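Just so it is clear, A, B and C label the chains in written order, and each chain counts residues from 1 on its own.
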Amino acid sequence: MNAASSLHPVLALLLAPLLPGVINRIKALFGGRRGPPLLQLYFDLWKLFRKGAVYSRTTTWVFRAGPLVNFACLVAALALLPLGRVAAPVSFAGDLVLLAYLLGLGRFATVAAALDTGSSFEGMGASREVQFAVFAEPALLAGLAALAHATQSLSLSGMYAAWPAATLPVLALLGAGLFILFLAENCRMPVDDPNTHLELTMIHEVMVLDHGGVDFGFVLWGSALKLWVLGALLAGLLPPPATGHPLADLAVGAGWLLALAAATGAVESVMARVRLLRVPQLLVGAGVLCALGLLLTFR
Amino acid sequence: MPADASIHLFLLLWALGVLLISGVASALAGRWSERTSVVLGIAGAGMACLAGLAAAVAGLTARATGTIMLPWRIPYGAFSLGLDSLSAFFLIPLFLLSGLAAVFASGYFRPWNERNPGRFWLFYNLLVASMALVVLARNGVLFLVAWEAMSLASFFLVTFDDRAADAREAGWIYLVATHVGTAFLIAVFILLGRESGSQEFSAYAVPAGSAGALFLLGLLGFGTKAGLFPLHVWLPEAHPAAPSPVSAVMSGVMIKTGIYGIVRMLAVMGAVPGWCAWLVLAIGAVSGVLGVLFALAQHDLKRLLAYHSVENVGIITLGLGLGMLGVHYGIPAVAALGFAGGLLHVLNHALFKGLLFLGAGAVAHATGTRDIERLGGLLKRMPWTGAAFLAGAVAICGLPPFNGFASEFLIYVGAFRTLLANGGLALGGLVAVVALALIGGLAAACFAKAFGIVFQGEPRSPAAAAAHEVPRSLVAPMLVLAALCLAIGLGAGAVVRALDPAVAQLAGPIVMSDAPRGIFPIALGTVLALLVALTLALAWIRRRLLAGRSVRAAVTWDCGYAAPTASMQYTATGFAQPLTNGAWAILQPHVEARLPQGVFPVSASFESHAPDVARANLYDPLFRRLAVGLGWFRWLQQGQVHWYVLYIVVVLMVLLAWALVS
Amino acid sequence: MSGVIEIILIFLILANLILLGASRLRNAIRIVAWQGLVLGLMPLLAHRDGLVWAAILLGAGSAGIKGFVFPALLNRALRETQASREIEPFVGYVLSLLAGVGVLALSVWFGSRLPLPWPPASNLLVPAGMFTVWTGLFLIVTRRKAITQVLGYVVLENGIFTLGMVLVEAMPLLVELGVLLDIFVAVFVMGIIVFNINREFDHIDSDQLAALKEGGP
């Protein structure tokens, strides 16, 4: 563990809100608009953290705990997360399972908070969220399994320590699978439309309709962090091998994340949302790509 | 250094005696004083469970081993008991959960409604004693006697509410299933003891070349008790019909005697062929996925939990299968991780499933219904029950920082370790990983539904609206179990180390070159502690930020609609519908829908039931055919005693003649 | 060479998986056409002694028939029958995909155990070929529309073709050409039958053909 390793979680907390800004700027570029400022989410967070709150009379402490638990899960996940060639502060054999299950706990907390309102809209969002998670989780673990086999390592930091020594087709398959998961888990375009104003078509946005003020601030910051966490799993697959300078590695990793955000913006600009019934197929497809990657590495 | 276990065994024998005597005394007292009967029953169960728990924990930590043999005049039988790490480990959840459920039961049945409490306590204490005897027995005949006593005691507990037709029906199915299982076991024991002519476990020998077939027979027999798919049919009938504390014990501990049987068989038989390991792995994966899928389609809270038992037994079996693969392919790390994960999940499942069944009992106690669709908003009315149920729900989904995660983590890492190899073994690892992830996702969906619809939102019926928190004797066991779930989750490293000798009995000495300090990573505990600390810190920050600002209450925001009613909320069926629809081909639900019609629809309804697929497609047709086939012998049934005695005489004479002639 | 073969085989596998999840008949036909076209390259690459006329002929013939003739026939049948474009399968798309992955894993396992006379051009060749065969059979078993069943036969043939590449050193040509001819006839006949059945009964659901069985309802 070195300085860059311990710097990464702090960097992630501070820089994550930049990613949605980049996505929105790219979308504005495609749409020929000027778009919101790059730092819009920072302004929003500043505003939200100084607000009071309005709670539904139906809700209980579970509703208030939801965003906090989700945020805590993502911060804890940062402790396990390598970025590019920079190792994570904590790593052990099987840390990838803990990472996946921390994301799962965050999701469970969000879903429980949504159901706490008794609103049919939020029930709908929660129902969809858990449905898609059923397909997303095996896909994510299949992808990590393929990486474990290809790199003969059981910890995330070990897997990404060097540029994964797999053949190009394998890397391409895994990259494609993880990119679909990245879009789906972050409720981006082909799965969920973050810009829609129709509650019936939302997934993630509709689950947090009732949150406001500080709680909503944590929700938004948490979503940005989730972009960072899943993006980092993908960024580690991308080229340069370790440069030898930890800080340079960190900069490269952060650069890839910004590029990933730009790519997401581009995808969102040119793609329509698939029908809800098609989403499981898309996610199973992502899992299939990952599993195929694993099968190809058997020799 | 293994210690001598005679003092532990003595304590355990004392506990068995107390259970028997207090049960009989309670039954006798029940005729004239309800109060005395209850006091006798609970005092006996409590004392015995405390003593037994102490002996088991001490036995496991001191690695005590030993056997004692008491005179017993049964052909081939001997009252030989033994304690080793494996037995001691299985006794811990057994006495722990049985004791807590007994406390729960003492408050649960009030009022007893003219039922004789002695009947309950006799069979309850008998059940606990016979389960302990099953785990301690070192003689085939003794094992089978204890096994049968366990089955019968639990049968009488399932049918405790014998005025309800569904309880009688469930008891009947259970009785048939468990005896079919026992038949396989008798065959296994006879075959194992044939060579040496002795039914002592230590004298057992596997006839050459038949290890696989023997293991398969045992798997069928023990798998029926454990509730492995497709032998699980009795489970979703018996668990809901039984009183809740009994469901907790049956699901939490009794079905684990099936797992104990499989594990003991492995220890006694030594090596089994490789295909057995693959079979166990496959059955585990199938049971896990199908169990949780069936659970998702249920509306009865206890039936839902019963299917989750199938799922969790599947996870345990998956771990055992991985361990067997590790032994077969000579990868000690995989063997240790698989067996450790499977065994730890035995303990964990006992804790959280016991907790959840007690929670379901508390809900039924407070509202009078187990129908999820008629509940709602209970977290406000029953805060302690709700919080404990939530802890159990998070734990059963295998989410950190609770105990379910610790055992699933071990199985996961075992599966990932097989992935480092090549070819078929790695494929097995991939199947295990994907199956576990699928189970995890489905379980989260199922418990989001169970907790969200039962405890959150607004009450969906007057009964739910009028609910109150249950009395303290019901809340306390649940809180203890919830606390244990969290404690094992956070301190899993120490628990796994305590488990080492039991694992070593199955996997051989644990050697892990890359993890010298035990198979459970210490850093994992650190991250979980960080998670808890972060959550608390964030809660404090939120409090500080909101201090002095306006915090108001309003109605739930529903797109500007300000008069929401309880019936507008999502239902359990609706919540699970996308998933159950996707698995239509597997679940084969019966749906009756009257859809809204016309411009101004008046009334509409939707009903769906998911009957057990194995029962509908396998057992019902099978038993129907069997009934037709056996109809041919109906002329034997004359209904007159003389005829039956005549049959006996004829058979006796033929047997005697045959024995003397040959 | 083996790198290109590998990419072709991965394409083959992906095409099978897409086919398992495809609900539009027109898309399904297009995917199978592409599969046939790309497979046409295989004989050229699998041959070790450089280009052989027979290999070129086989490749070109197979690509031509499977890439152009079959799709044209099937598209015509589609047009004439005005078949609804959605396939209503017996087994859902998600389940089909999952089954596909399972079968793929099984194929890899079989492939690792199958004794072969020669080491194949790529380790993936046998699994990919087997998987294609199973996919074809799966489509035939689980889909309702006769057109999809015809597609299943073509995919099945693609799989046999791929497996044939293992033996390209020996004389697979005759066998291969024979199979190709069989399939061609089958598709031709089925195309006509589908067309005729549709004219008579206004639908091409093959499960409704069961009504023709003697003593049927």
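Of note:
Going forward, a residue touches a chain if its C-beta (ideal position, glycine included) is under 8 Å from a C-beta of that chain, and two chains touch if they have at least 3 such contacts.
On a predicted model such as this, the values are computed, not experimentally measured, just so you know.
Under the stated contact rule, the graph of chain-to-chain touches is complete, every pair of chains being in contact. More C-beta pairs touch across one of A-B and A-C than the other; that pair is A-B. Averaging Cα coordinates per chain places subunit B and subunit C 47 Å apart. The distance from the centre of subunit A to the centre of subunit C, with each centre set as the mean of the Cα atoms, comes to 38 Å. Annotation for subunit C: residues 94, 105, 108, 112 touch two or more other chains. Shared interface positions of subunit A, defined as residues touching 2 or more other chains, are 135, 280, 287, 291, 298-299.
Counting only residues that touch two or more partner chains, subunit B has 423, 430, 582.
For subunit B in complex with subunit C, the residues that touch the partner chain are 423-424, 427, 430-431, 582-585. In the complex of the two chains, the subunit C residues touching subunit B come out as 90-92, 94-95, 105, 108-109, 112. By the touch criterion given at the top, residues 49-60, 62, 64-65, 68-69, 71-73, 75-76, 79-80, 90-98, 100-102, 104-105, 107-108, 111-112, 115-121, 123-124, 126-128, 130-131, 133-138, 140-142, 145, 148-149, 152, 154, 199, 209-210, 213-215, 218, 280, 287, 291, 294, 298-299 of subunit A touch subunit B in their complex. Interface residues of subunit A facing subunit C in the complex, by the touch rule stated above, are 135, 167, 169, 173, 280-281, 284-285, 287-288, 291-292, 295-296, 298-299. Subunit C meets subunit A in the complex at residues 6-7, 10, 13-14, 17, 21, 93-94, 97-98, 100-101, 104-105, 108, 112, 123-124, 127.
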